[in-house]
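Input: one structure, supplied below.
We call the chains A, B, C, D and E, going by the order they appear; numbering starts again at 1 in every chain.
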Amino acid sequence: MATISVPDRPTRARGIQFAPPVRLIGIGLLVPLLGLAAWTVGARQGWVPPQILPAPQVVWDTFLELWQSGDLLANTLISLQRVLFGFAAGASLGLLLGTAMGLSRPFEAYASVLFTSLAQVPALGWIPLAMLLVGIGESLKLIIVAVGTLVPVAWNTRAGIRAVPSGWFEAASLWRYSRAQVVWHIVLPATVPQIFVGLRYGLGHAWLALVVVELLASSEGLGYLLVWGRQMFQLDVVIATMAVIGAIGFALDAALAAIERRLQRWQVASP
Amino acid sequence: ARAEDLTVRIGYASIGAGNRPFVGGTLAATAHAAHYVEDELKSDPGVKIEWFFFAGAGPAVNEAFANNQLDIALQGDLPSVIGRANGLRTKILLASGVNTPIYLAVPPDSDIKTVADLKGRRVALYRGTNLQLAFDKVLASKGLAERDLKIVNMDAATADAALASHDVDAAVGANELFELQKNGIAKIVYSTKGDDPAFGRNSALIAAASFEEAHPEIVQKIVTAFVRAALWSSDEANRDALFELWAKSGYPADSFRADFEGQPLKFRNSPLIDPFIVHQYEVQTQQARAYKLLRKDVDLTGWFEPKYAETALRQLGLEHRWTARDANGHDLGS
Amino acid sequence: MVATAGSLEMRSVTKRYSVDGSPLVALDDVSLAVEPGEFLAIVGASGCGKSTILRLFAGLDAKHDGAVLHDGAPIVGPSLQRGLVFQEPRLFPWLPVERNVLAALRNSHLDAHARRSAVRDHIALVGLQGFERAYPHQLSGGMAQRVAIARGLVNRPDVLLLDEPLGALDALTRAHLQDELQRIWVRERTTMVLVTHDVDEAVYLADRVVVMSPRPGRIRDIVPVTLPRPRDRGDEALLRLRAHLLRTLAGTPQHAGLALHRAA
Amino acid sequence: MTATRQRRLDWRGLVPVVVLLAAWEAISRSGLTDTRIVPPLEGLVGLLGTEVAEKSLLGNLAASIVRDLSGFALGASLGVVGGILLGLSPLASALLRPSFDVFRQIALFAWIPLIAMWFGIGEASKIVFVALAAFTPTLINTVEGTRSASATLVEVGALLRYRRSQMLLAIYLPAALPSILTGVHLALIQSWLATIGAEYFMTAGPGIGTLIIEGRDRFQMGQTVLGMILIGAVGFLLNRIARAAENRLLRWRTA
Amino acid sequence: MVATAGSLEMRSVTKRYSVDGSPLVALDDVSLAVEPGEFLAIVGASGCGKSTILRLFAGLDAKHDGAVLHDGAPIVGPSLQRGLVFQEPRLFPWLPVERNVLAALRNSHLDAHARRSAVRDHIALVGLQGFERAYPHQLSGGMAQRVAIARGLVNRPDVLLLDEPLGALDALTRAHLQDELQRIWVRERTTMVLVTHDVDEAVYLADRVVVMSPRPGRIRDIVPVTLPRPRDRGDEALLRLRAHLLRTLAGTPQHAGLALHRAA
């Protein structure tokens, strides 16, 4: 599945660009504001039927209502808890597996065929099987989230280790580093950027997998709230929930990015 | 009439086993499986009929109406009310599937014997469908409410699997549960059959108002076709043939046989929009509001449009084939 | 031959690489002995096998024909007694300068205090005081190479192998570090093997200069430099030696033009 | 080793696979479990035969793949065009990028209700959903690639008096190509996931996703496993094709 | 002053960069006139602003004080009449050698046939026949630089600006290309401005050698080389000029050690 990795870090814009460089702070707000205005006017003028697109005011009221009733918070906490546990489990396993495959050629020779084959089945594909095996309880959610996390983390860890320049290993062997010293002082720091790429992917996948299982089989959580809104034909609930899902995804990603920046101070200033 | 090219899109808020495009249990299912509508429209070669079946049941039908992708659909009472509450412009043309019972199934070794035993247990229920309101009423009659149970929201197929894997302690559903009972995966411990008639659920044929206004003559033909299907489906002589026809849905004829056990065919295959049905929809609306499934009051005035059904009955000379009932379910006499 | 501390020897060494499946002879039957405490320079065209010789002495590559010995014993792997400064800096980008130097001492016998002062001294040696906390990406190429030299020296090995360590430096720093190398060598009597492109540098520093020719890598000539130290860069004898070496190099197939140009 | 080139198959890789299959077979024959839950392996082969012969498995597979590729083509091409726009125009980037960055954090599947609502019950919804899945990674990587087109090469273009179109075609696009292809590759993976997802959550139609749902509903693990294997196999194949295309188009990068 | 084809001029040009927020004066009040058809060399320590001068002449950088003129007209942007060979090859990695050279002709007035033969000739000129289909990553640093030179020459501009084009080459190829440059210059009377680190190269080729000093970038001296051509690399007068230039360079603050070393 996620057999390639993309460093999804912002890079500085360089080079000659077509338009003269503009530095308009806050211009990014223009589009959402215009969109919101169009949405408001459109809803008020009845350009789109409310069951297709409820007015922003309605969505906001629904959001407040869900918040005040505690439904939103309760469901959010449940989802967060699931995603964090599942992610923790999947990421640890993925790191372990990726490290083992990266460091040991024989292990990789044994494991890679099975791993690559299983990695081809998206998290979603595992749901029916997992349902048959463990039912629809909490363990299902954990397993699916963990599976979604595991693959990109393992893959990137392995690739990261493989990409460590052999020159550093040579330097280490000159200074008679032990195997443990090589792993701890060279492999680990050299692989941190790639591991983080994997972790950020993993977290994205975890969040996605969670929404999927909750859509399919749950009576709580944000995914369930979406389904409920859909069944009750209340798109305002759906949109309010999507906003929460987006905000949490944003926050989780930003948190990992912040940790990454801290761990990689040595890299930030590089051109 | 000028033969204009028109495709009439008819939806059905259910789907067969394994997503087969066949269903059972209502006169609309008969109309589909035995091509009543297509036959009725033979004289209009420009008109095509397209059927859609929705695993997502009533909620999915609402989405399709909102998208202008359906002209006519069979849909349960609660989703129709939800659709109307959210501004869908529809007309109810004909009853199809009235007094449909709901069942409660539990694993064979379960200690649940009655509805009252459900307190605190995990129960599979597809929310937003007409099962939900019917079940809520049953619960209320035993002094319970949804929050006293742990309701797990899932569609029928998922619920069957969950029951089999003991992921839920009970499942609320329709006749497909008989199949599980036969396979020894579940046993049915409760049915609304024989209980308060108000507990049953109802569904109806509804049309997009815009379609009804634009093509009254086509609507008339379609309704007439459905009435013909109702006639055949209500004939006790056809009992076995009817269940066999419905078995195209992948649910065995025996399930339908058990489902209809002890009830005359015409009791559930009546197309009449009588005071009982209208009242049932009113009750559903009030209860849905009370259970907070609706966020504002819904006005049902003008929603029912019985004139097509009446015309059809008159044309076919069937004014007295089915017995109309008053709001309380008593026969109005003929 | 009696082994003495810091002697190196190669006996009939042939080293082959395979490039895209076809074999490439990097060293062809090379024999070379380095006396303990000797300063040996190696010059030769690009690709003639200079780095390969250093790698074999360092113990980084065990697959070869012939014998490679350190104090008479076969070299089977790296040792802290043989330091190597690579052709490229190979710094760890995640460590600041001082910790990059410290990384070479991880398995040394010095205590923490001695390590710290060794690191400090060697950073000063290469003129990088004030840059202890800088990360590699904040250094110029020349500065990075100086860190690498400090890292190679800090262990104070018996044998120091230097692969064009001064190539990236500007002339001033280069002259300064040449003198420093010579000072260290005089003081510690370390055996040094220096690979360089710069004939001036070779004759200024070395006891003997090995001239190699490429494809296959062979030793073409070994030129002793018997001038006393400290040497004067302008010394007539040195200039004559330089001219001689350039002529020898020019004789190698790849460098027919070099002598003409340089000697002009 | 980045596993780019298929080398001689290492037999060691087959060991765990064989062990797993043997364990499966042993369990299914031990009689300890229901054969509906752990069906014997030969049953799977038989099942494959019946599904192909009687239930148009191939038709379903083809329907899924067509759906996947249409959505993918739509999403990826929009992603590339949008990515170039955002990558080259600071104004467009300032205007649109923040909104995009917020929107892309909404987990893909959370879009299903809205998309179903807006695009209805037909194929359109599914294709829009698949396109959305393909759009995001393509756009991000195209922007990245266009932005990082080396300033030094752009200067060469300026020096040679390249016109805007020449700059775009002869410098920005080829410079961004590795990145774009990475995005397209990711998009291919994501679209396949989304295709299966669309078949799960939107109105039934022909498609391979239906097979595993049916297996679950009917409690036929064999069918579910068969479906998973097919999904995995198609994913694997798409991946291979993408990688081959990448290697071909980027010959200039590797020796 | 009457403008003649191929003249360049800088009048009181000051160029500032900002480095990490603080200003850096790359060129400080520099005035310099290049006659049409002249061969001018610029030497100076690293960072003294040599490349900056070429970039301003090329029209790559319009932000500066003072005037930069080509044939008397202000330079506002690049022109095909002024070619520049960058300090690094800057090849398009996705194009094979011949198409890299062809890329320079995209907006030229030649027809397809003339383009092909121009490309072929210039690849031969830099000695890369047989490598037409090779991708940049398959070339050594020196070969890549030769492709860049071919690309700079192929347009046959009135003015050719060369930024250390021969730095990465081995001595033989270097001498060959110096002679080729000279041949082209003699034949076409192109105005050439050559930046180099190599004083030998400067005196061998140039009519005048500009010596610059860094921080801030200023012209320290301009040394005319009046020797007739073809010149002999071993000529006594050339060697005297070389020694003079090295002394001048040594006087610049950054190069106190260079003269010592080089002149030795």
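Keep in mind that, in the parts below, contacts are C-beta pairs under 8 Å (C-beta built on N, C-alpha and C of every residue); 3 or more make two chains touch, one makes a residue touch a chain.
In this text, all values refer to a predicted model and were calculated from it rather than measured experimentally.
Contacts with chain D and chain E are shared by no chain at all. The most distant chain from chain E, with centres taken as the mean of CA atoms, is B. The greatest centre-to-centre distance from chain C, using averaged C-alpha positions, is reached by B. The chain pair with the larger count of C-beta pairs in contact, out of A-D and A-B, is A-D.
Between the Cα centres of chain A and chain B there is a gap of 42 Å. Chain centres here are Cα means. That of chain A falls 49 Å from that of chain C. Chain B and chain E have Cα centroids separated by 87 Å.
The residues of chain A that reach two or more other chains are 51-52, 131-132, 216, 227, 230, listed in rising order.
Under the contact definition stated at the top, the residues of chain B that touch 2 or more other chains are 63, 66-67, 158, 161.
In chain C, no residue touches two or more other chains. Those residues of chain A whose C-beta lies close enough to touch chain B in the complex are 49-52, 131-132, 135-137, 216-219, 224, 227-228, 230-234. Per the touch definition, chain D reaches chain E in the complex via residues 152-153, 155-156, 158-163, 166, 170-171, 174-175, 177, 251-255. Interface of chain D with chain B (complex): residues 116-122, 203-204, 210, 213-214, 216-219.
Of all the residues in chain B, the ones that touch chain D in their complex are 15, 17-19, 52-56, 60, 63-64, 66-70, 157-158, 160-161, 164.
Residues of chain A touching chain D in their complex: 1-4, 6, 8, 11, 13-19, 21-22, 24, 27-32, 35, 51-52, 106, 109-114, 116-118, 120-126, 128-129, 131-133, 159, 162, 207-208, 210-212, 215-216, 222-223, 226-227, 229-230, 235, 238-239, 241-242, 245-247, 249-250, 253.
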